[in-house]
Amino acid sequence: MPLDSKALDTKDRAGILHPPPLPWNGREAERGDGGRRLFRPAGAGRLPDRLLPFALPGALLASWQAVTAAGFMPEQVLPPPSLVLRTFIAFLGDGEIANNLLVSLRRIACGLGIGVVTGFAFGLLLGVSRRAEAYLGPLFRAFAAVPALGWIPVLILILGIDEALKIVILSKACFVPMVIATLDAYRNIPARLREAADVMRLSPRTRLLKLTLPAMMPMLFGGLRLSAGQAFVSLIVVEMLAATEGIGYMMVWGRTLFQIDIVMVGMAIVGVTGFLLDALLRRIERGIGARMGERTGSHG
Amino acid sequence: MTPVQSSPAPSLAIENVRKTFTVETRTFAALDDVSLTLRHNEIVSILGPSGCGKSTLLRLVAGLETPDAGALFINGRRPVAGPARDCAIVFQDHRLFPWLTVSGNVDLALDSCRLAPAERRERVRRYIALVGLGSFASAYPRQLSGGMAQRAAIARALVAEPALLLMDEPFGALDSLLRTRLQGELLDIWERNRVTILLVTHDVEEAIYLSDRVVVMQPNPGRIRAVVDVGLPRPRQREETAFIALRKSLLELLS
Amino acid sequence: MTPVQSSPAPSLAIENVRKTFTVETRTFAALDDVSLTLRHNEIVSILGPSGCGKSTLLRLVAGLETPDAGALFINGRRPVAGPARDCAIVFQDHRLFPWLTVSGNVDLALDSCRLAPAERRERVRRYIALVGLGSFASAYPRQLSGGMAQRAAIARALVAEPALLLMDEPFGALDSLLRTRLQGELLDIWERNRVTILLVTHDVEEAIYLSDRVVVMQPNPGRIRAVVDVGLPRPRQREETAFIALRKSLLELLS
Amino acid sequence: MAEQASSSLPPAGFPRGAVIPAALVVLWAALTETGLWHGPLVVSPSQVLAVPFLDASGREIWAGVGASLLRLAAGTAIGAAAGLAAGLFVGMSRRGGLALSPTLHTLRQIALFAWIPLLTSWFGNGEATKLCFVAISTFFPLFLATEQGLRTVPATLREVAGVLHLSRRRTITALLLPAALPSIGVGVQIALISAWIGTVGAEYAIGNGRGLGSYIASARDQFRMDIVIVGVAVLAAVGAGLHYLSRAAIARLTPWNSPRSSA
Amino acid sequence: PLQAAGNPDVIRLGDVGFGFGTPFGVGVLAIADAKGFIAEEFKGSDVKLEWTYFTGTGPAINEALSNRQLDFASYGAVPNIIGKANGLPTILLASYGGTTIFGAARPDLDIKSIADLKGRKIAIQKATIIHWGVIDALKRAGLSERDVTIVDLKNADQLAALAAKSVDAAFGADFLLPLADKGLATIFYRSSTAGKTGDGFGAFLVTESFRDKYPEATEKVVRGLVRAAAWLGDEANREEAFTIWNRAGTPVETIRKSNDGGSLKDKYNLLLDDFFRSRYESAIAFNKEQKLTRRDVDLSAWIDPTVLDKALKSAGLETFWRKRDAQGNDLP
C-alpha cells in the first residue's frame, strides 16, 4: 500500500473517511448514505460498486477452472470446480450434507449458548472486580491458552466420546473470546461517561442497562462473533478427532479417502454456514441497537 | 438564609484541600490550600482564569477525585468513597450518553429516586421543557446543537432536585437571552427546593446576578484570591449602580 | 478592505442555502434560504439563539455537510467534494485527538503545508505559546482543563495560517481576560495574514469588537434576520458610545 | 467503585494469581500421593515434575517447545503483517473494501482446522503446511480486529482529519491507527492465542517433525498421561505468557488510555 | 536418455512411524534404515537418503507422494489403494510383510471372541488395513457390519475411549497391548492366530516417474530392502530387530509379545506372489464395498514384479522365501 503517497486527492480521502456504521457515531452516519454521497468519487468508467464484491471470487474461480482444465495440477491436488460441484450435488441429494450439518449445528448452538452466557458473566466479573481479576485472571489466561486439542485427552477420559465431550469443548471455545471481549469492552467504556454515571449514582441495574451494555455493545458483538467463529473451529477439531458424524468428520473422511473435492465441499459448507451465522449475529446486533434506541425514545 | 440552628453542619465544607497533577515529569499543584464553606441554600460562584483549578475543585466535591491533602465534608459527613448522595453535577462538557435520547439521558438521573412511573415521566418532561428542549425529547445527542446538548445536561442535573448542585460553566454555550432565562429558572428552583449551588462561570455578571458570594481564584498554584459577598437584594437589576460597581471591582480582582 | 478588482470572486459566497434534518419522523429546516457573501479579509460574526443553525452553516462552508438546496462557493469555486483547502475550522467541541499531545495535535494541521522541519517546529511552538499553553505542549488532552483544550483547538486552526477561518464559539470557555487577549491576537493575525473570518459567538460585545459585519440569525427555520454593518474604526473601544449603542440595538434584534 | 476495592486486597507484591492454581495443585498432590485417587491414568504431581528432567522421552519437550516457538514466531510474523495490511486496506479504501472484504469475510468463516486437509494435500506434511496454517490462524483475527477498529473511529475526529487535509499517511498514523489501536490490541491478543493454538494444533494434527503438538500426540499414542499433562501445562504456560506480553505491549502503545493520572 | 541410468541426488523414503521427536518405523524399512542396507547399495556414490516416518499414517503418505515429497513409500494396502484410485502414479515393488491386528475389550465385559461383539460398540480407525481386518474377522465369525456399532477413532482416542468406557472394544496394532498390562483391557483377538489371511498387509512402492527415470537406483533400493528382510528373517537377529523397533517408543516387551510364536521370516515375506495378489484383490474389493474408492484399480498393471525379481537374483536370495498360493499356503 502506498502509505507514503503525498497529499490525498479527494477520491482517496473518500475511501479513508467513509462513514462508520454505529448508529450514534457521528453526524454523517445519521443520514444513512449522506456521508458516502458527500465523499463519493465520480468513478466513471470503473467497475460498478455493486459488482466489486464478485470480482475477486470470480477471478479466483476462473483461474481455478483454467488451471485444472489445462491440467497443470493433478486432480487429487486440485479437483476441477465441476467435480466439486458434482460431489456437492451428490451429497446434497443423498442427505449427507443435511445430516452432517444438522448434527454440527446442534453442537454449535449448545456450545455457543453455554459459552457465551458464562463467558459474558465471567468477563464482567473480572472487569468489575479487581479482586476477581487478580485471583482468577491468570488462571483464566492459562485455561484459555489450552486449545480444544489439549482438553480432548483429559476430557475424553471423563466424558467419553459422546455429545457431552463436544458440547463442553465448544462451550470452552466460546467462553474464552467472550471473556476477553467482555473484559476489554468493559475497560474501554469512556471514563467521562463512567464519571457521569458515578455522580448520578445509578443503580447497578440501570448502570448495566444504560451505560455498561450500550457502551460495550460493539466490542461485545465482536466477541460474540469471534465466539461463533471459535465454536466452529473447535467443532471441526473435535469432529476431526473424535466423532463419527458432522461436517468436520466429513472433511477428515475426505482427506482419508484422498478426495479433495469432499474436503472442498466441506470447507464450502463450513464457510457458508459460518457466513450465515455471522450475518445472523450482525442482524441481531443491528436489531438490538435499534430497539435500544426505540425503547428509550418512547420512554418519558 | 437558612437559620443556622436548624442544620448545624454546613452544606459543604472544603478544608485546606490540595491536589497535584503530573504532566510528563512535571508535578504541579492544581489546587493548593483551598478552603471554602457553603451554608445550606447558599449560591457561591467561582471565577478565575482558565486552568486555575475550578473544575478540579468541583470534581473533588463530587467525589471524582481524592485530595492529596485536606478534606471535604458534605453535610458534615466526609464523602467516604465516590460520589455523595443528593449531589448533582453539570460537567463542562455535556457527557450525554450517545445511545440514549434526551429524555433517556434525563430519566437516568432519576434512577436513584423512588418515583412512580407516571410522576417520573412527568418530571422528565417538565425539566426538558424547562430548558426549552420539548420538541427534541426524543432526539439523540448527535442531533443536538452545542447549546442544546448543554441544556440537556442541565436538565439531567436538575431533574433529581438535588440538595447540592455543582455546575461547571452550565450556561457557557448559550446565547444571552436563553442564558438570562435559565438563570431565572435556576433561581426559581433554588428558592423552591432550598438547594445549595456551587457554580463555575466566566461571566462576572452571571456570578453577581446569581450568587450570595463570589470566589475569585488564581492559578499556579490554584488558590482562592478573594471571596466577595454580593449582598444585593433579589431580584437583582444588572443596571443598578451597586451591581455595576461590584462588577468593576471583580473584574479588577481578576486581572 | 481589500480592493475588489484584485480578486473579483468573493472569499465566500453562500447562496440560498437550505438544510433539513430529520429527528425521529419530524423533518425541519435547520437552515432555510440563507445567503451571505464574505469579501476577502473580512470578519463576519454570526449571532443567534441556540439551535438556529449557526454550526450547521459553518459545517456547510467547511464542506462537512451538503446543502439540500442552494450552493456555496469558496473563492468562486464550488467545493466539489469534501473539505476545501486553505480553510480551517474551530469546532464547538475541541475535537483534539486523545492520543496526541497538544503539540502533536497542533502539528497535525501543518501536515498539508510543505514546511522545513525546523520551521514547522517553530510554528507549532509559536502558536501554542500564543494561546498560553507553552508549558502544556507535551500534555495529553485528558490532562487539560476545558479552556485549555479549547485554546489548543484554536492553535490548531491558526497554525496553518489559512485564508478562510471558520470559528464556532472559539472563546466560549475562556475567562474574560484571556478572551480579550485572544481577540486581540486574532485581530493581529487577521491584519498580518489577510485572512477571511466567519465566527459564531454568543457574546454581542465580541461580535462588535471583532467584526466588519454582524449576522443575526433566527430559528425555526434557521434564517438570517439581519446583517448589521459595524463600521467603527479599529482599534475599537468597548466604552465608546457608538459601541454601546450598537450593542443595545443588536441585543434588541436578538430578542 | 471497583478502584476503591483495591485498597482492601492483599499486598501488591503477592502474586494473587497463583493462589488458586497452587491450591489446586496441593489438592491434586494430596489426593494422588495418599492414594485416595488412583487408577491407571492417574498420575501424581511428583511424577509429572520428573518428566521433563528424568524421563528420556519426557526430555524431548525442550526441543519440542523450541521448535514450536520458532514456528509460532515465523508464522505469526507472516500472518499478522498480512492481516494488519488487509484490515487497513479494507478499512480505509472503500472500493478496496468492497472488492476484498466479502471474500475475506467468507473465507474467515472457514473454521481454522478445516484448512488442514486442504493444506496438507497442497503442501504436504512438512514445514510449509504448518507455517501456512499458523499464518492463517493469525491473519483472520487481526484482519477482523483492524477492520472493526477502523469502522468505529469517531466521526467527529474523522471530520477533523478531513478539514485538516491530512495526507493519507498522516491520516493513518495520526487518526486511524491510534483510534483503532484498542481494537487491534484485542485482535493481537486473540491472534496470538489463536496462533499458538494453530501452531500446536498443526503439529498435533499433522504429526511430523518436532514440536509441542507432536510431543503431546506421541505421548497420547503411548498412553503416557504424565507426559501429556506436562505437555498441556507447558502449552498453557506459553499461552498465558504470550497473553501477558501482548497486553503489556498494548498498554505501552496506548498511553492516552491509561486512567487519569494524579500524583 | 543418457543420464536416465545415473543416480538421483536424493532418494526420499517414507514409512509409517511412531515416537517422540524423531519418529521411527516398525517394519522392514526401519531395519533397512537402521542397519544401512540401502545406504550400502549406494556406497561410493553421493546419493543422499532421506527417511521420513509419518505419524499421520496413510493419508499423510498419500499427500506426500502427491506433493512429490517422496520417491518410495511403505504403507498399508487400504490407504495405498485409495491413493492409486485417486490417480497417484505409483508402482508396487514388494510386499511389506504382515501386521498383526489385535482386539482389546473392556475387562468388565464378557468378550472372549469376535462372536461376542454382537451388539457392541467397537472402535477402529476407518480406512486403514485394520478396518479391513476387522470387517474380515467379523465375516469369518458369521457377523456382519450391522451387528456392531463402529466408531472411527484414532489410536490414542481408542485408548481413551476404552478407558472411559465409551466403547466396548477396540481394534488396532500392538499399541493396544500395554492397555492389557495396565489392566484397562483384555486382549481377546490376535490376527496371527486366525490363520494367515487374518493379518494386515501392505506394500513397498515407488513413484512411476522415479522408476522410469532411475531404474538402477530403484533396483538398488529394492535390493537393500530385500537384504533387510532377509536379515530380519534370520532368527538370530530377532532381539536386535526388536531393539531397533523400540526406537519408535514401543517397549521391547510389547514388541516381543506381539511377535510371540511367529517367525519373522514368514511375516516379512516380500514376495509379490498369489497370496499377495489375493490379499490386494480382497482389499480392493473391500474399498469398493465400503465406498472408499470411486474408481477401479487394475492390480496387474499396478504391480511391477521385475524389479523385485532382479533384486532377489542379484542378492542371491531367489530361494529365501517360498511362494504362496492365494490362501497363503507355501507352494512347493
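Per-chain residue numbering starts at 1, and chain names A, B, C, D and E are given in the order in which the chains are listed.
As a working rule, a residue touches a chain if its C-beta (ideal position, glycine included) is under 8 Å from a C-beta of that chain, and two chains touch if they have at least 3 such contacts.
Chain-to-protein mapping (UniProt): A, D = Sulfonate transport system permease protein; B, C = ABC-type nitrate/sulfonate/bicarbonate transport system ATPase subunit.
Note that the coordinates shown come from a computational prediction; the quantities given were computed from them, not determined experimentally.
Asker: Using mean Cα positions as chain centres, tell me which chain lies farthest from chain C.
Answerer: E
Asker: Which chains touch each other through the most C-beta pairs?
Answerer: Chains joined by the most C-beta contact pairs: A-D.
Asker: From the C-alpha centre of chain A to that of chain C, how far is it in Å?
Answerer: 45
Asker: Indicate the whole-number Å distance between the mean C-alpha point of chain C and the mean C-alpha point of chain D.
Answerer: 50
Asker: Can you list the chain D residues in contact with two or more other chains?
Answerer: In chain D, the residues touching two or more other chains are 1, 41, 120-122, 156, 159, 162, 165-167, 205, 220, 260-261.
Asker: Multi-chain contacts in chain A: which residues touch at least two other chains?
Answerer: Those would be 7, 13-14, 17, 25-27, 30, 76-77, 153, 157, 191, 198, 255, 258, 297.
Asker: Residues of chain B touching 2+ other chains?
Answerer: 21, 82, 93, 138, 143
Asker: So in the complex, the part of chain C that touches chain B is made up of which residues?
Answerer: Chain C residues touching chain B: 21, 23-24, 26, 47-51, 54-56, 92-93, 132, 135-136, 138-139, 143-148, 151, 168-169, 172-179, 202-204, 251, 254-255.
Asker: In the complex of these two chains, what residues of chain D are touching chain E?
Answerer: 40-41, 57, 60, 63-64, 120-126, 205-208, 210, 214-215, 217-223
Asker: Residue numbers of chain E touching chain A in their complex, please.
Answerer: 58-59, 62-63, 66-67, 79, 82-83, 86-88, 126-127, 150-154, 156-157, 160-161, 163-167, 292-294
Asker: Please name which positions on chain E make contact with chain D in the complex.
Answerer: 18-23, 52, 54-56, 59-60, 63-64, 66-67, 69, 155-156, 159-160, 163, 175, 178-179, 182-184, 249-250
Asker: What residues on chain A touch chain E, complex-wise?
Answerer: 74-77, 152-153, 156-162, 241-244, 249, 253, 255-259
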